[in-house]
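The two complexes that follow have chain A in common; it is paired with chain B in the first and with chain C in the second.
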Partner chain A sequence: MNTHPLVEARNLTLRYRRGKRAALDDVSFTVPKGRVIGLLGHNGAGKTSLMKALVGLKSVEGELSVLGRKPMRERSQLLAELSYIPDVAVLPRWAKVRDLIQLMSGLQPRFSPERARQLLRRTSVGLDDKVKHLSKGMVVQAHLALVAAIDARLMILDEPTLGLDVLSRKSFYEMLIDEWCDGERSVLISTHQVEEIEALLTDVLMLDEGKLVLNLSLEAIEDRFVALSHHPDAAAAVAAAHPLLRYRVQGGQPAALFDGEPPQQLAANAQRFRPSLVDLFVALTRKPELAPRSQA
Partner chain B sequence: MNFNLTRFRTLMQREWLQNRWTWLIAVAALPLIALITMPFGTVGIGPSGGSTPATSLMLLPWAMTALVCATIAWLTTLFSAASLARRDAQDRSIEFWLSLPSTHGEHFAAQYLTHALLFPMGALAVGLVLGLPLALTVVVKVLGAASLGAVDWAAVLSGLAGAVPAALLALLVAAVWLAPLVLLIMAASAWLKRLGIPALVVAAIALYNLPLTRGAVRPLWNAYGAGIEQIMQGAIGVFLTSSLPNLKIDGDGLAGVEMSLAQFLAKLGSMLASPLFGLCLLIAAACFWALVERRRRAV
Partner chain C sequence: MHSAWNDTAPIYRQLAQQLAGQLLDGEPPEGAPMPSVRQLAQQYLINPLTVSRALQSLVDEGFLEPRRGLGMFVTDGARQRLLETERTTFLRDEWPVLRDRLRRLGLGAADLNWENTQ
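This part shows the complex of A and B:
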């Protein structure tokens, strides 16, 4: 059985010609098979640049192997083996959905037109609809159906549900997990709707200003980061323990997020709970000096 | 080299799906207007029109319609060349196309082949279809309905059989000969956007007139233009010679324009063997590379 990671990235750095800062700064990670990985980061953190590098659309320094191929050198072969949605709904406006199915059948060897039609039947998009007559959300639905009909080992989705209503987002993620993910395929998904995908993820990559500030599985996150909900009177003691983030949870109760075990005395007088990915995201991307740790 | 025939065919199919209505309207509009208006107007064939045999009168508008349609197709391609290279970036679908496994080279090769060769060839076919009712109408208008019985259909078909291969050959050579011009327009537009065409025009005028460059540029440009003329004249000459051997043009017969298919082939051969054609290929290859580079950097 092949246990080789689907993606191996070592010391990836990407600098735009006129940019002073790096879009990607010494980023290293792997994507094993059977994982659903969330790529999180603020606008401009480097998520899209990283995804474009993975599919051979941006040249990067460092070592990068995707499905055993060098993305820049073997772009078309690589794209035949993975499915990728760029960050905007960009289907050609002149085409009918039927035309797109026809064209993808000829261009993408792993594309199943039957599967695409089946997925489209779950949406409000018709085969004879022209893209230019569809709403933004419907264009996204059509694009997702087309991409999900590719029998690939790796799916790379850059803000895939932008413009979709909550029901369509839920429906897409359900399809992704229940029908597409089979334990062998992996998904790398970037989104700002962190709360919605948290339950689906197995791993998280967090980028901040081009640096990878977190690269952990969800289980490891739970082991490493501790959130404490405490009495307002304990605020000074909590602050003295230098948490990553101080915030308020539901009901206005003060809380603090710690990297590692908090001081015992503090923990004894507070209620421990699992930190959400959003809180962790806020904590880590506000603290760019935090060094990345290797994957657990 | 990572070339895939299925992908290439699909990319050509994309051109058809995207442009079919524009192409059909551009090519068929003129013959259809002629066909619709002809019954209500008069047809003049010149001083000897009335004495022109029905067979020749049948063949002339039929084949001319086909040639005119092919020429319109080429003009459409030339006029749309500036927008071809930028269209995917303009409608933002470039990200979609780049997310699919095709190479930049395949993309532009399929685009050029479809617009510069298959479209004009298709236009020729459309012209042949529309040319038949048009020719029938002309014969009826000029010689009367009874003259349709005098048309020698075997001669008409054999005339077309001689003319069509010449036209196809001319279109093939035109696609190669005009490649540097079309690809230069595309590359300039891809890199300089709206300034591409004005920049090309200014550069061409400057190179043609500057004392430093005109000595080299003028003969090349004139020879290039003469090449286009030769292709067109040759195709028309072969058509006239093969289909209308007895046609009188102002009483001079076909003197000056007559050309056999073999002569046309020889003429094309000498054109393609010239150093100018080598230069054309070099310019076309450089423009093709510039287009690929621009698309590679599109996202």
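This part shows the complex of A and C:
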């Protein structure tokens, strides 16, 4: 197997209208093999646009190579080689799950019907169930089983856990680990369930208003960002050190998040802890309601 | 779902600590194989790379050893060494906190029930 990254994106920019804010603004990143990458961002941050660009459903400026192909020019070949679940994924309501397996066999050269049936056995979805009689969680599970049965090196999932209850989300995460974490395949997954998915990820891409504000492995995040909980009396000194974010941890203790090492004097009188991905997300992305409105 | 993890340390450290705690209870016993990376990843719902990191840190501390093609095994004497490490950590980190609390409450050795009875 070659060692080229599965995705190479350089300076991707997408503008829906001239003069308007870009949906994607100079975004560059690579996806090596064997990674589980979380794509995080508020609604409207550009997650879906980026995923559509990767599979050739949206034309962008910049250089983009996915599985060694140019997505816009080789869309149909590309869609046959990767697994993609869009955010508005719908399975035909009239169909039985058995019909969908047959349909996929005809459409997808790399699809394995046996594998799909095997994966479905782990869910509560039956082969003779009609899509319209399945719950939302079961539809997603069926969809995921169908997509996971494609022998692809890259899986792109746009908010697969949206609207799922906690048990369905858990079985989704189990399937992700069982089927996709083999050191070769990579998964790009967008989600708002940041806390739940944190332990499953190897890397994080964070989008804010079309800009990539973080592109790091979780290991590097632990090395780079420092969280300190401190005595309320130290508040002024903490503020003077310009942390990324000031907040409170469990128990109401004030805390601060720093990009890099905080001043030594400060660190000596405070307790270091692991900055969670959620706190980092809040620190690095603007809340939409706080963004200044443009005078159109 | 993620309730097993807290903010005190990186997730791989927390997993290493949990696994060390189990080794101390003889689970698995010395000389026996550890569950595979895949099994642990499924059990704890964390990325296999994080599991590998946790196992590697236990190798670095001498509690596990990799055997070619067979996976990780608990080293001879791992339990005794873990016990010593845990004792040192307790006396260094936890005991001063506990002692201060006992002092504040005015409790001495005679006030504490040292037998495991209700």
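Keep in mind that, in the parts below, the second predicted complex is superposed on the first by the 281 of 296 C-alpha atoms of A that agree within 3 Å, B and C clash if a C-alpha of one lies under 4 Å from a C-alpha of the other, contacts with A are read in each partner's own complex, and residues count from 1 in each chain.
We take it that a residue touches a chain if its C-beta (ideal position, glycine included) is under 8 Å from a C-beta of that chain, and two chains touch if they have at least 3 such contacts.
All values reported here derive from a predicted model rather than from experimental measurement.
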According to the stated criteria, A:9 is in contact with first (chain B), second (chain C), both, or neither; which is it? neither
Partner chain(s) touched by A:104 [first = chain B, second = chain C, both, neither]: first
Where does A:140 make contact in the superposed view: on chain B (first), on chain C (second), on both, or on neither? neither
Look at A:90 in the shared chain and tell me whether it touches chain B only, chain C only, both, or neither; answer first, second, both or neither. first
Please work out whether A:155 is in contact with chain B alone, chain C alone, both, or neither, and reply first, second, both or neither. neither
Which of the two partners, first being chain B and second being chain C, lies in contact with A:169: first, second, both, or neither? second
Check the residue A:183 against both partner chains and state whether it touches chain B (first), chain C (second), both, or neither. second
Overlap of the chain B and chain C footprints on chain A, listed as residue numbers: none
Which chain A residues qualify as touching chain C in the complex? 34, 36, 166, 169-170, 173-174, 177-178, 181, 183, 195-196, 198-202, 218-219, 222, 227, 249, 273-276
Touching residues on chain C, where the partner in the complex is chain A: 1-2, 5, 7-11, 38, 41-42, 44-50, 53
Where on chain B does chain A make contact in their complex? 2, 4, 6-7, 9-11, 13-14, 17-18, 88, 91-103, 299
What part of chain A is in contact with chain B in the complex they form? 52, 55, 57-58, 75-80, 84-88, 90-95, 99, 102-109, 143
